[in-house]
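Quick one: the structure is below, questions incoming.
Going by the order they are written in, the chains are A, B and C; count residues from 1 in each one.
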Amino acid sequence: MDSAELAAYLGGKLIGRGDVTISGFAELGAAREGDVSFFAGSGTMPETHAGCLLIGEDVEPPTGEAAVIVVKDPKLAFAKVVAKLFPPRRLAGIDQSAKVAAEADVRASFIGANVVIESAAEVDADVEIHAGCYVGSGVKIGRGTRIFPNCTIYENVTIGENCTIHAGCTIGADGFGFVRDGANGYVKFPQAGSVSIGDEVEIGANSCVDRGALGVTEIGDGTKIDNLVQIAHNVKIGKRVVIAAQTGISGSTVIEDDCVIGGQVGMGDHARVLSGAVIGSQAGVLPGKIVRKGVWWGTPVQPLDDYKRQNALVKGLGRLKEEVKRLRGLIERDEGQ
Amino acid sequence: MDSAELAAYLGGKLIGRGDVTISGFAELGAAREGDVSFFAGSGTMPETHAGCLLIGEDVEPPTGEAAVIVVKDPKLAFAKVVAKLFPPRRLAGIDQSAKVAAEADVRASFIGANVVIESAAEVDADVEIHAGCYVGSGVKIGRGTRIFPNCTIYENVTIGENCTIHAGCTIGADGFGFVRDGANGYVKFPQAGSVSIGDEVEIGANSCVDRGALGVTEIGDGTKIDNLVQIAHNVKIGKRVVIAAQTGISGSTVIEDDCVIGGQVGMGDHARVLSGAVIGSQAGVLPGKIVRKGVWWGTPVQPLDDYKRQNALVKGLGRLKEEVKRLRGLIERDEGQ
Amino acid sequence: MDSAELAAYLGGKLIGRGDVTISGFAELGAAREGDVSFFAGSGTMPETHAGCLLIGEDVEPPTGEAAVIVVKDPKLAFAKVVAKLFPPRRLAGIDQSAKVAAEADVRASFIGANVVIESAAEVDADVEIHAGCYVGSGVKIGRGTRIFPNCTIYENVTIGENCTIHAGCTIGADGFGFVRDGANGYVKFPQAGSVSIGDEVEIGANSCVDRGALGVTEIGDGTKIDNLVQIAHNVKIGKRVVIAAQTGISGSTVIEDDCVIGGQVGMGDHARVLSGAVIGSQAGVLPGKIVRKGVWWGTPVQPLDDYKRQNALVKGLGRLKEEVKRLRGLIERDEGQ
């Protein structure tokens, strides 16, 4: 694809050469002749040797040899170009050491070394299951999904199409449910449900999604989850939700579509985060809490503006205390007169 | 087992049919004819088609075809029934690809694909070690314990009977101990101790329990630990302790029997949590702190009532500031007269 | 080595016998005849049967049979002695079940069962790669490094010499970068960079280090990272940095040399922690924040002294409110006159 075709693909406006062939991609400073790059900032653009440059509408196009394509959102355009021209290399082949149960229905294009796939699993075409993964009985994996090394998928989990599950994830382990039986300690509550993950979901390394206790833990299409995240039993996560690293969602909590959850957020059980809510990092959501659309912060979460006002008031406490002391002085002097 | 036998087993009071055969279990809304289910709430019970229903003493028994058993704690009764009638399916067989050292004493009923068991390990009867697990030299695993895929058990760790270790756990890695040597950086402090885990312990997916530096990291009987939890070197956890997901316990801290620790709690080193303490999610316990029986909250932890009072005072700061401003106005007016 | 040689090695002052042969090491209470032990506290030393004792300069040397060596820092001296006399046992041999690509350049002394090493990997001498690890294409691992079981090292990651990577780590997974495309959801931003880890780095169990998006995620020489830590794409961590368990560092954040970061700390993206800063556990660093040398605490982080003063003011809020109420009473009485 050359720069003219690229401009057409992106619906952008081409400035300069249309015949630059795109052979790679890089950030501005590292980009070379055949590379596409982008500038998402405002103001002066750093120098670059990129062959093809994506810039926003309010940026002064650089003069020089490069093809320049003006687009609405250069970072998005760059992501789209790379996804189009340089998709991840797909693997093929079934390693001899993989152990696939005879009853499993496996059409995967790649199964790595030491993978185990149990009976009654259904693995669709174009799936990659990398070395050391365990895929339990009755698991369903949709077309195009990639599962990186050393993941464990417990029985009866369903994963949709074109998902990416990074290394070390555990999907479908028992939820954490125990009932106290007096001095005898705890009796395990059944964790006999399942997990259902939609299409185009990405889950980061070493994250955990527990199976439902009696129902289903659900993750909707297009949701992106970072590393070391904990999703407890019976949680329902909607579509196009983003959850940053080390966040934990307790049992039965619901996160509706298009929410953005920061890192290290903790949510109590049976909470509900309504569509479009944004929750800042390290925030805490109490059990049963309903979090409406808007930006939330702190523990327990409050609207960002309230949080800031509160914070400013706390910061001003020293001055307030001084003021009260001064007033007391005035009053006591008056009293003394 | 039919509903009459079940009522006798639970010590509950049977209402209606005693001849309902229990063939499954489900939550209220999903339950069908042969299913046992339970209602733990109060007030009106949702409609259900459960064949056998466990309810509390203050609930109006539904009319209809179902057998109803009145018990003190319906959720506990349900957990007991499922544990009794539908225990987890146990696996058997030694996979050919497992590599068991000749010197190891292994009587396990199930060893999955690609498991490695090193020399001098002792694995008791009825143990399941699932695919991809590594069991180091000198490890002891007690009867009935199950270890799910891709766990790593370092050398000389002891795990008791009937434990459940979920996938991706690391037990017995080096604790985090380094001594600063001026400009040279850090010298590793020896991490040569071990880990001792009691009976009936459950550890969630991708959790870590470090070995003691010179002594032993201990987890007592009946303790239940959730996913992604960090237990540092030389920690001592008592019996029947519950620790929710993503909590971290620093070195040498002691948690006595029957404590309940929420999710994402952080505990400094050498703290001591006395028997019966309950610590809320995201709380922080300072190093060396003693946490007494009762409910604790916040960072640094304080009794829940204090935490709430404090929170209310902070929430009222805006009003307090206004009040001070008003008083200043009055005083300055008086001063001006 | 006997106690006289040990004193010379440590540059310490020997008191008592110089002919005690050191055959082991232990903490004070557990130490026996041939053991070296240390007392790092002040005041009265607990009783010990250690054959050789390291103590500080301000401690009264015990009387008795033991060799006593007086040093500046007994804990450091102990760590050095154990590192010298009792280094970790090194493994040797290539397991038959390991799958090493023909094109890989592997001089490792130990490769465990079911290890996979892909093409173009370069593994130096004296390296140990334990059972179940996956080493991607183009990975470089320096001399003397040990990688414990079930780790996943994605392609093109570089790890230096004498590093220790504990079990279950994932190094080089995709960073978490997505660009919103309106109602269509998210487009993945390329995660095509790499990871570069220096020498003498230790990474705890089940931790994650993501690859750079377009650049490199870097960890400097001598840095020590605990369990379940998250290092995001393009983070730069300097030399001799210590990071405790469950801390998360967001994308492109820089931590300069010789910082100490507590557990469960969260750092936003593009922050910069200047050399010598110490950040307390559970602290939160906002995106873009610059944290200077000194001790920092809380969310958002502030200097420890400020944090303490603030905390004291908040604790005193009840009294302040009472005082304001009292002043109002006085003023209203005056007004009423």
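We take it that contacts are C-beta pairs under 8 Å (C-beta built on N, C-alpha and C of every residue); 3 or more make two chains touch, one makes a residue touch a chain.
Owing to the predicted nature of the structure, the values given are computational and were not obtained by experimental measurement.
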Quiz item: How many degrees of rotation carry the C-alpha atoms of chain A onto those of chain B, rounded to the nearest 5?
Solution: 120
Quiz item: Any idea if chain B and chain C meet via the same residues, over half in common, or different ones?
Solution: different
Self-check item: Computed distance of Cα centres, chain C from chain B, in Å
Solution: 26
Quiz item: In chain C, what residues contact two or more other chains?
Solution: 97, 114, 132, 150, 168, 206, 228, 246, 264, 314, 317, 320, 324, 327, 331, 334
Exercise. Name, in rising order, each residue of chain C that touches chain A in their complex.
Key: 97, 99, 114, 116, 132, 134, 150-152, 154, 168-170, 173-174, 176, 178-181, 185-190, 192, 206-208, 210, 214-215, 228, 230, 232, 246, 248, 250, 264, 266, 268, 284, 299, 309-310, 313-314, 316-317, 320, 323-324, 327, 330-331, 334
Self-check item: Interface residues, chain C side, partner chain B - complex
Solution: 25-27, 30, 73, 75-76, 78-80, 82-83, 86, 95, 97, 112-114, 130-132, 148-150, 164, 166-168, 200, 202, 204-206, 221-222, 224, 226-228, 239-240, 242, 244-246, 263-264, 281-282, 314-315, 317-318, 320-321, 324, 327-328, 331, 334-335
